[in-house]
Amino acid sequence: MKKVINQEAAIVDEMIEGFIAAYSNDYKKVPDVKGITYKHSSPDKVGIVIGGGTGHEPLFIGAAGEGLADGVALGNVFAAPTPDTILEVTKSVDQGKGVLYIYGNYAGDVLNFDVASELAEVEDIDTETVQVTDDVVSAEEKEERRGIAGDMFVLKIAGGAAASGLPLSEVKRLTAKANDNLFSIGVGLSPGTSPGKTEPMFELPEDEIEYGLGIHGEKGIRRSKMKPADELTTELLEELQKVAGLQSDEEVAVLINGLGKTTLMELFIVNRKVQQWCEERNINVYDTDVNSYCTTQDMGGFSITFMKLDDELKKYFDVPAASPYYTRANRGESE
Amino acid sequence: MFLHIGEEIINAKDMLGKIDSEIGDGDHGAGMATGAEAFTAKLQEASCHNVNAVFKVTGMEMMKSMGGASGVIFGTMFSGGVKNLPAKETLDTNTLAAIFGESTEAVKKRGKASVGDKTMIDALEPASEALKKAAGEGKGLYDSVADAEEAANQGVEYTKNLEAKFGRAKTLGERALGFQDAGATSVWLIFKSMRVWMEKNE
Amino acid sequence: MKKVINQEAAIVDEMIEGFIAAYSNDYKKVPDVKGITYKHSSPDKVGIVIGGGTGHEPLFIGAAGEGLADGVALGNVFAAPTPDTILEVTKSVDQGKGVLYIYGNYAGDVLNFDVASELAEVEDIDTETVQVTDDVVSAEEKEERRGIAGDMFVLKIAGGAAASGLPLSEVKRLTAKANDNLFSIGVGLSPGTSPGKTEPMFELPEDEIEYGLGIHGEKGIRRSKMKPADELTTELLEELQKVAGLQSDEEVAVLINGLGKTTLMELFIVNRKVQQWCEERNINVYDTDVNSYCTTQDMGGFSITFMKLDDELKKYFDVPAASPYYTRANRGESE
Amino acid sequence: MFLHIGEEIINAKDMLGKIDSEIGDGDHGAGMATGAEAFTAKLQEASCHNVNAVFKVTGMEMMKSMGGASGVIFGTMFSGGVKNLPAKETLDTNTLAAIFGESTEAVKKRGKASVGDKTMIDALEPASEALKKAAGEGKGLYDSVADAEEAANQGVEYTKNLEAKFGRAKTLGERALGFQDAGATSVWLIFKSMRVWMEKNE
């Protein structure tokens, strides 16, 4: 598989260099580690640090910015960042108000962020943690689920809360609440390839798809033949609804996230069905985003995320946010 | 000795990666090799005065360089056993047993896994027990390490019959059956390289 | 090849429905034709209409918005929009100040926009046209070149000029000037698949790449074995420079555009080399954008675009712009 | 007759698509079929009183529905020839020659292509000339259309030896040699369907 890289070992460093070279007005590298920070974080706010493996771009590197993360700690391809990296990023963004860690619930990330938070304590920096657990098929228990594209929404709330000047405990409470209200399901259509590897990340027959596949190619719940978009989308929605249990009149934010090679054209076709489905159930879609925020290299497939919203969450969801890959402007009024 | 461990880990990169890819994400070999390169370089440049320092530097370098689950886990395995240990100039069975006894506890505390969860603990804990037993029996260092290697090996075999409770294989359920755990394999490899090194350097 | 669609004939209509369902606060469909318009265009400005075939998303549907296009006319997959469609979109956005058409220089688009502009004349709407001609390998003569990712920059200038309240003649002059200063080159790594088709769009051996490939799979200038990122990027830059002739101290805006399945990670690695190359030549990079704005379904590859800037162009380049897929905020000051 | 043309175009969808895909983007078959479906539906529902209306509706529907280069080009081919033509109740050789004479000019003006540029003009212009000649010789409609079909066919063959000046094959240069032009093939197909229809309905 062709990848535009120089050598496997240099991928992350060169990627960071390329990112900073593009956006140096707004971002800078954290010296000595694989981390970046946003240059214009407003003073006196709680710092938000996100992180995880490389290979899911634009997450995580592309999600720092106004009303979003202040710093990003990166690991190697699909590997959690080291405690060192997280610590250095933490030190760079701390303004004495403490730092909130947000990351997907994977063993490696948990271990490394936990060590980092102990190291931060030694440096007298308060940290709190919210693990994103949105992938409904990955475990029965909410806390055991893994984190996928819903990350983006949780970060949105966290960034909004921090930008509003709330203290660490409140930012954490709201972020955890966002995650409690978060439900996603994915489907894999074709494997991606990890850079430097010659084999695809998993095998899937040409005419089959897999429901509930994870963003590192983790196995899902079942396979079926490829289906028309509407049928496929409906099945995913039913599976999601089993866990999310959306009620009539409930309000949600929706994210249709592409996994890499699935086109925006296809994602729009999926979104069309999602909106019909919500409408039929009187579920109120407050906002929709169709994009590829959390990818798995060139993997084919997509996920659907619902975040239930109440007035409190809406308030922070609506705080303007901007990075080169995620923007939320002031909400336009509908006619 | 640690340089030899490093070499063996680097040589096993593809093998470990392949094992991880069956039920994990396939990066365990690359991760361990990165760690091995880092601690090898550090051990070569730094002059470590005692056993404690060697273990500590090895663990710290792994923790610093690897990332992923195994960076913390193997980092803790090496550096977590010497924290409370009085400085030792030479390695004997008692010292090694004490180090791995402590480090097993440290890894378990850090990772919250126990025997039967299909992690490296399934190799580390029996290996550590074997060392303790060998120390009790007054065995020499070579024989003790050979016992630990054998215990770790059985632990690796044992992981084949387990469903995973941690790491990326967690969601696989029964489908993880029949495959050995990558981290457990690394533990066995580490004891094996210790023994082979001693064999060569006796 | 798996595509998440229902039926080939419905793709464009369903895609538009899905887009509008997501972003109905800001966009609406033009009745009866495959077109959309931005709802909040400021009054009394020149209208900007872009268009082209579907299948290059986010262009063209995702490039209407504040400081960008006011309306988008869409054709079927890789086919120019009909004159009818263009006309209806034109009528929807005209505010009596006339309308500028911007599209890539392809036979089908030229023919259809020309007919549309005659029809618009009958309806008493002034139109002007700028054809984007940035792909340096596609023809010797500037006016005969085809349009690829540079579209985005030309639109940026046009949108900025129109948002600044300039009359049609001025908006056209500036837009044409942007195009005169625009140079792109692409490379194909692997074919995409057109939805509904079972065969990939072209054949390329597993270890080969093609320089200068077009965004519909049009053949390029030569093939070579796959190369490391830096080498490949340098060769493309040398090829581009032959035509662009960038001088020391000249200022440029840079766009690294992915064609579909090439990851942002890889694009950053490319950008790293591009910036080094510019630095070595004392070429001043005013701004860089790394994204996949103009895609060819799931095709692998990327393009590099330079737009030379002078003070006049910079002024309109810096006018804020926002759509769900392209944003340009006020330029942050570098430290 | 036009319904039969529509049918034949729809049947030729894959063939035309394949020809376009060799040196173009492969959508010519789908485009023409879309146009054919549109004008077929319209002709079936609308009652066209005369020859002019049939040509005009056919062209307008193609222009409205198809998009792409051929939407305008074939739309103009059908509707561009009757613009200045007095209303005709029946189609004879003179009328047909007049229509295609005008339409060839209209297409050339619209698309700026001439014979030798590897476009449908390479089939349309000779076919139109053949009609004019047949009209001059007082030939019947069937024979005239057969002449046009033959001339178009030669035009298609001729395009194989040409480099493209327009459309997506333009950048191919010499590599377009050996492949026939898709649009020219459609022109031939249209005259062929006219002839076959007349054969059946005589």
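Before moving on, here are some points about what is shown:
We just call them A, B, C and D in the order they show up, numbering each chain from 1.
As a working rule, contacts are C-beta pairs under 8 Å (C-beta built on N, C-alpha and C of every residue); 3 or more make two chains touch, one makes a residue touch a chain.
Note that the structure is a prediction, hence the values are computed from the model and not measured.
Each chain gets one centre point, the mean of its Cα atoms, and the points for subunit A and subunit C are 28 Å apart.
If each chain is reduced to the centroid of its CA atoms, subunit C and subunit D end up 33 Å from each other.
Remark: subunit A and subunit D have CA centroids separated by 54 Å (rounded to whole angstrom).
Contacts between chains trace an open chain of neighbours here, each touching only the next in line.
Two chains count as a pair here when they touch; such pairs are A-B, A-C, C-D. Those residues of subunit B that touch subunit A in the complex are listed here as 25-27, 30-31, 34, 63-73, 110-111, 166-168, 170-172, 175. Interface of subunit A with subunit B (complex): residues 53, 75-85, 106-108, 111-112, 114-115, 137-139, 144, 146, 194, 197, 201, 214, 216-219. Remark: subunit A residues 2-7, 11, 14-19, 21-26, 39-40, 54-55, 57-58, 62, 189-190, 195, 206-207, 209, 226, 228-230, 232, 254, 256, 260-272, 274-275, 288-291, 295, 297-298, 300, 302, 322, 324-325, 327, 329, 331-335 touch subunit C in the complex.
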